[in-house]
Amino acid sequence: MASVTEFFEKFLRIDRRWIFLAIAIAVVVPFFLPLGLPVVVTPPVQRLYDAVEELELGGPPLLLSIDYTPATSPELEPMSTAILRHVFRQDARVIVMTLHPAGYGMAESAILAAAEEEGAEYGEDFCFLGFQPGTSAVILGLGVNISNVFPEDAYGTPLTEIPMMEGIRNYDDIPLLISLAGWSASEAWVYYAHQPYGQRVGGGVTAVMATDLYPYLDSGQLVGLLGGMRGAAEYEELIGQHGSGVRGMDSQSVIHLIIIILIILGNLAYFMTRRQRKLAGEGT
Amino acid sequence: MTLTFIWTTVGALLTLCVYSFLYKDNPFYKFAEHLVVGVSAGYYLVIYYFNFIDPNVVRPVFQLELGGEAVAFGGTEWWMALIPGLLGLLLYTRFFPKIAWVGRWPLGIYVGGYAGLGISPVMQARVIDQMQAASSPLAGVPDPFAAATNAALGFAIFVVLTYFLLVKRHIVARGIAMSIGAVVLSAVAGYGGYVVLSALSAQGVVSMTNILLVVGLLGTLAYFFFSMRHAGLLGGLARIGIIFLMVGFGASFGYTVMSRISLLIGRVSFLLTDWLHLI
Amino acid sequence: MRRRVPLTLCFIAGLFMAVQYFIPHHNVAAAYERLLLWLQTLLAFAFLLGTVSLIRVHYHKVRDRAPDRGFSIVMFVGLFLMIGLGFFHPSHHAPGSPFNRMFLYVQVPIEATMFSLLAFYIASAAFRAFRARTLEATLLLVAAAIVMLGRVPIGDMISARIPEATRWILEVPNLAAKRGIMIGVGLGMMATALKIMLGIERAWMGGGD
Amino acid sequence: MRGHRGRSSTARAVMGLVAGVVSVAALFVCPAAALAQEETEAVPADSLPPLGPPTAVTATDTPNDRGYSINVTWELSDGEETGRVTSYRVYRSAHPETGFVFAGRAWPGNAEYRDGGAPENAPTYYRVSATDETGAESFSATSEPAVALPAWFNRDRVNVMIAVIIFVAAIIYFVTAARRGKDLFIRRLAGLDEVDNAVGRATEMGKPILYISGLSTVSDVATIAAINILGEVAKKTAEYNTRLIVPCADPIVMAVEQEVVKEAYAKVGRPESYNEDDVFYLTRSQFAYVAGVNGIMVRQRPATILYMGMFYAESLVLAETGASVGSIQIAGTDAVTQLPFFITSCDYTLIGEELYAASAYLSREPVLLGGLKGQDTLKMLIAITIIITTVVATLASVGVIQYDFMTPFLETQ
């Protein structure tokens, strides 16, 4: 009995670096040995997927605003990759831009990787407009005329010389807009693109922000929503190509379990040692 | 070795430097720490200069001097740009002790301006809008969370009764038979409460969700009362408030875990995939 | 002069910001936007002030031969490299410039890694603090455990009730508590702002009368 | 019905706000494009019969807006039934007969458009056309003129203004009452009682106190609260002659806090103990700041760490590092999302509004305590209002009373 208590007492004072080690193992292992836990697709993700699915071959393009920064890219980059793959696979077109200065590099690397993989061509299937400061003014300005806000693309080519931009003037020519952001950009798109112009807006945000955006989903101000790595995993499930999202969910499940087991063991140890202390106290 | 690979390797090594801090403080961490403080401080100095001082002060003022066309500053005259420029320069008076007190002028405008923004918009967004959202009928509408709420309530009744019947009355002394009786009794009471409340809320007679929302809100507000002793009714309400606060905090904590792990996955993926190309 | 001028400026700026909220007229709106831009520009000027402070602290470390002075030099290298590249390199901070690369491959990885330490700390914090010592602590840990499970696939596998309970906890008790905090915070913010404007609370200028 | 009217005024207000915002954009982004010079085109002949035009076009000044905005409404074309309408095109002119220029476009099924490019103070006429798939347009009759006027008062925010006035009055009343010497009670705030002990402890141990005033700028009022608390803490450390380290994440906050600490040392007669190197700027960048502060924590091993103000995701990294070096930690923030982390990792946590009560609590200055009393009075009013609105809403929903007459009072735009 005493030895059990001793063990628990030791366990309560365990060096936190053992916990760190457990977490590290739980993250690294699924990279090599995927568990393949099933991913259940939820309605908000399905709705966004359906909206992208509606884009037509060579028809009016999707406007994808990659507004996340390096800090939140682990959650949001799997989303942009999955959405871009989806768009290119059905030969639809996409205009990429960003509202955040730090989103420039994020957007560029995501789109170039997806384009290379799916064989999409710059200027025909996609183009990258780059960054403009002034969030709400930019969003409102695009509703009037895109070329007023972005006279040229990120590489200095005038929009008039980009084939796919022909006839694309403002939101009227864009059937769907998706914003991926770890800050309030998605709300800004709802306020300044959906509200005044009736633009259909979809969003992808971090898991933490997702519940704050559910009201917009219920009211129809957002056509669909991806929340965190789980949202990305569900989207990957839908396009049938598992990537970092699905893999990430394995690690997520394992670590969540580890934390819960730690909490349970911690409490068990706490009560065992407390009872022991109480008994000892009564004995003397 | 391509240039990108070299840069990625730099990033990867720095990543490892930071992780070494998990073991303990060490020179590698110190290196990364001092480097990132310097680099980021420089980054912000440059970015803020080019995003604010350059377009709003330097260009409007100096292009005119050079005989160029005046750059519109928010649609106004160029000399308007002198005002933020002057205010900005006043900040530096603190380097000259004799006139350092002038440095409080721009700070006064800065602090006061944002204080003013902390009044009217806050009243709307944080007070009135929240009050409006909180004012919903306690009955008459079918309760979307009827089952979950009532299950939770039934469970709560069960736990509370069991607690009072068992824990408060020394189980060992009273014998097992009595404790079993007590558990059964509280289970019946809890389940009974559950069934009755479910029936009522399914028909819209009560909305347990909304009742809990209002009670929780009033309780939390009571907790924040400063100028009265937390006793009697106020004390009881404040106690309810604390319970709601704790459940809320627990929920937020559990809710955030996922995002944080995503970040770690992102870094590991950077090391294993982008850098080492193992996966 | 020394106290009255800044207090008066503070009051006027605050009053304008509080009142403009009720006046949509474009003249007022333009003035509001201009003032906001000035405040941001003021902050930009302050960055030099901050950078001087940073340099000063580390210069003193080097001068006083503090034990970690070598790392202060690392700080200087990082700082002056960024300032040099940002202001004097012809491509400034454009994408692809050396400045931008320093940001992407030095600052970003370190910061992202610092951020990711949270995954470790959240686990150790949960282990250390989530003990059922009191009723409050128990509620905290039970709510956290349910929500944690409800957000990963493994939660669905254990029971379909877990995601349901998660949603309920988030949307009922959590929402009630958040609303209460929000209203309280709103009142606290307004009172603090008002006291600043009226000069009742003047710690920001060193206090005193 | 009142309830209905309440809703429509909200709708108007939404339109007003949006129109206002649209016109801002028009002014800022593209003054020329807002008045796009797209002349009406000739209608090409086509085999299908032309669409029926939109009818009953009205133009009214957008209410409660900043100006340059007119709301145009119409009744849908009969082409809606066959689904042939591709869009409605709205045209404006200063004359009822000629000079119509394209103002904007609305989707099929929409019978309104907010023109954010209308000239100010001049009568403006509108025409709306239904466009079919060939681009052929059938035009409505010209509307009655409308004049775009900017508003000097946003009537949708009357309730907010009244609430602000009540609040300001309550605060000023209790502050003056406190000045006259009214005795004011304040309940215990556990974390703050600990500040004195913490300073004493640090002095005994010969270790510093670390004060972190959040990662935001002065634009968050929480930062101002943190500055006020620093003023009180600095007085105590100055009295005990304990080292106080204040790393700042914002240069303006740094400028202010240097002033605060310097003055506190001067006030207790120890101006020479103030070291400017202890109140310094680190970096604005969130996690670079955290890296630096973590370094300070593990190397200086402060006896006490105070976290006051606005925090983001870094809260737990800081608090866990602080806990690992054995510091007593007292946190206070109004960032709802970060409170759970401070609660789990710190010894004491001031929740939300408690942060704003802290400087009054620490200083015990009557005028500041009077402010708290004012806050509590408002809180009482809010609680009563919520109870009343809930009762009214409940009675209305079960049909005891005809309509929910309380809701309009709380509607805002």
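Per-chain residue numbering starts at 1, and chain names A, B, C and D are given in the order in which the chains are listed.
Note that a residue touches a chain if its C-beta (ideal position, glycine included) is under 8 Å from a C-beta of that chain, and two chains touch if they have at least 3 such contacts.
All of these numbers come straight from a predicted model, not from anything done at the bench.
Engineer: If you tally C-beta pairs in contact for every chain pair, which pair wins? Let me know.
Structural biologist: Ranked by contacting C-beta pairs, first place goes to B-C.
Engineer: Suppose chain centres are the mean of their C-alpha atoms. Which chain sits farthest from chain C?
Structural biologist: The most remote chain is A.
Engineer: Report the inter-chain centroid distance for chain B and chain C in whole angstrom, where each centroid is the mean of the CA atoms.
Structural biologist: 10
Engineer: Quick one: chain A and chain C, Cα centre-to-centre, how many Å?
Structural biologist: Distance between chain centres, rounded to whole Å: 22 Å.
Engineer: For chain C and chain D, let me know how many angstrom lie between their CA-based centres, rounded off.
Structural biologist: Measuring from centre to centre gives 15 Å for this pair.
Engineer: Name the residues of chain B that each touch 2 or more other chains.
Structural biologist: Each of 18, 21-22, 30, 32-34, 36-37, 39-41, 43-44, 47, 51, 75, 91, 94, 104, 107, 110-111, 114-115, 117-120, 122-124, 127, 131, 134, 214, 217-218, 221, 223-224, 245, 249-250, 252-253, 255-258, 260-261, 263-264, 266-267 in chain B touches at least two other chains.
Engineer: Which positions in chain D touch two or more other chains at once?
Structural biologist: In chain D, residues 24, 27-28, 157, 160-161, 164, 167, 217, 219, 221, 224, 252, 255-256, 259, 281-288, 291, 294, 299, 313, 336-337, 339-341, 343-344, 351-353, 357, 372, 375, 379, 382 touch at least two other chains, as defined above.
Engineer: Name the residues of chain C that each touch 2 or more other chains.
Structural biologist: Within chain C, the residues that touch at least two other chains are 18, 21-22, 33, 39, 42-43, 46-51, 54, 68, 104, 107-108, 110-112, 114-120, 122, 124, 126, 128, 130, 140-141, 144-145, 148, 151-152, 170, 178, 181-185, 187, 189-190, 192-194, 196, 204-205.
Engineer: If each chain is a dot and touching chains are joined, what shape do you get: line, ring, star, complete or other?
Structural biologist: Graph shape, chains as nodes and touching pairs as edges: complete.
Engineer: If we count contacts the way the header does, which residues on chain C are in touch with chain A in the complex?
Structural biologist: 95, 100, 104, 108, 111-112, 115-116, 119-120, 122-124, 126-128, 130-133, 141, 144-145, 148-149, 151-157, 170
Engineer: Sort out for me which residues of chain D touch chain B in the complex.
Structural biologist: Those residues of chain D that touch chain B are 27-28, 157, 159-161, 163-164, 167, 184-187, 217-219, 221, 224, 252, 255-256, 258-259, 281-285, 287-289, 291-292, 294-295, 298-299, 313, 336-337, 339-341, 343-344, 351-354, 357, 369, 372-373, 375-376, 379, 382-383, 385-387, 389-390, 393-394, 396-399, 406-407, 410-412.
Engineer: Please give the residue numbers of chain C that touch chain D in the complex, ascending.
Structural biologist: Touch residues, chain C against chain D: 18, 21-29, 33, 39, 42-43, 46-51, 53-54, 56-57, 60, 68, 107, 110-112, 114-115, 117-118, 121-122, 124-126, 128-130, 140, 144, 178, 181-185, 187-196, 198, 200-201, 203-208.
Engineer: What residues on chain B touch chain A, complex-wise?
Structural biologist: My answer: residues 22-23, 47, 51, 255-259, 261-269, 272, 278-279.
Engineer: Would you mind writing out the residues of chain B in touch with chain C in their complex?
Structural biologist: 7-8, 10-12, 14-15, 17-19, 21-22, 30-53, 56-57, 74-76, 80, 83-85, 87-89, 91-92, 94, 101, 104-127, 130-131, 133-134, 145, 148-149, 152, 209, 212-221, 223-224, 241-258, 260-261, 263-264, 266-267, 270
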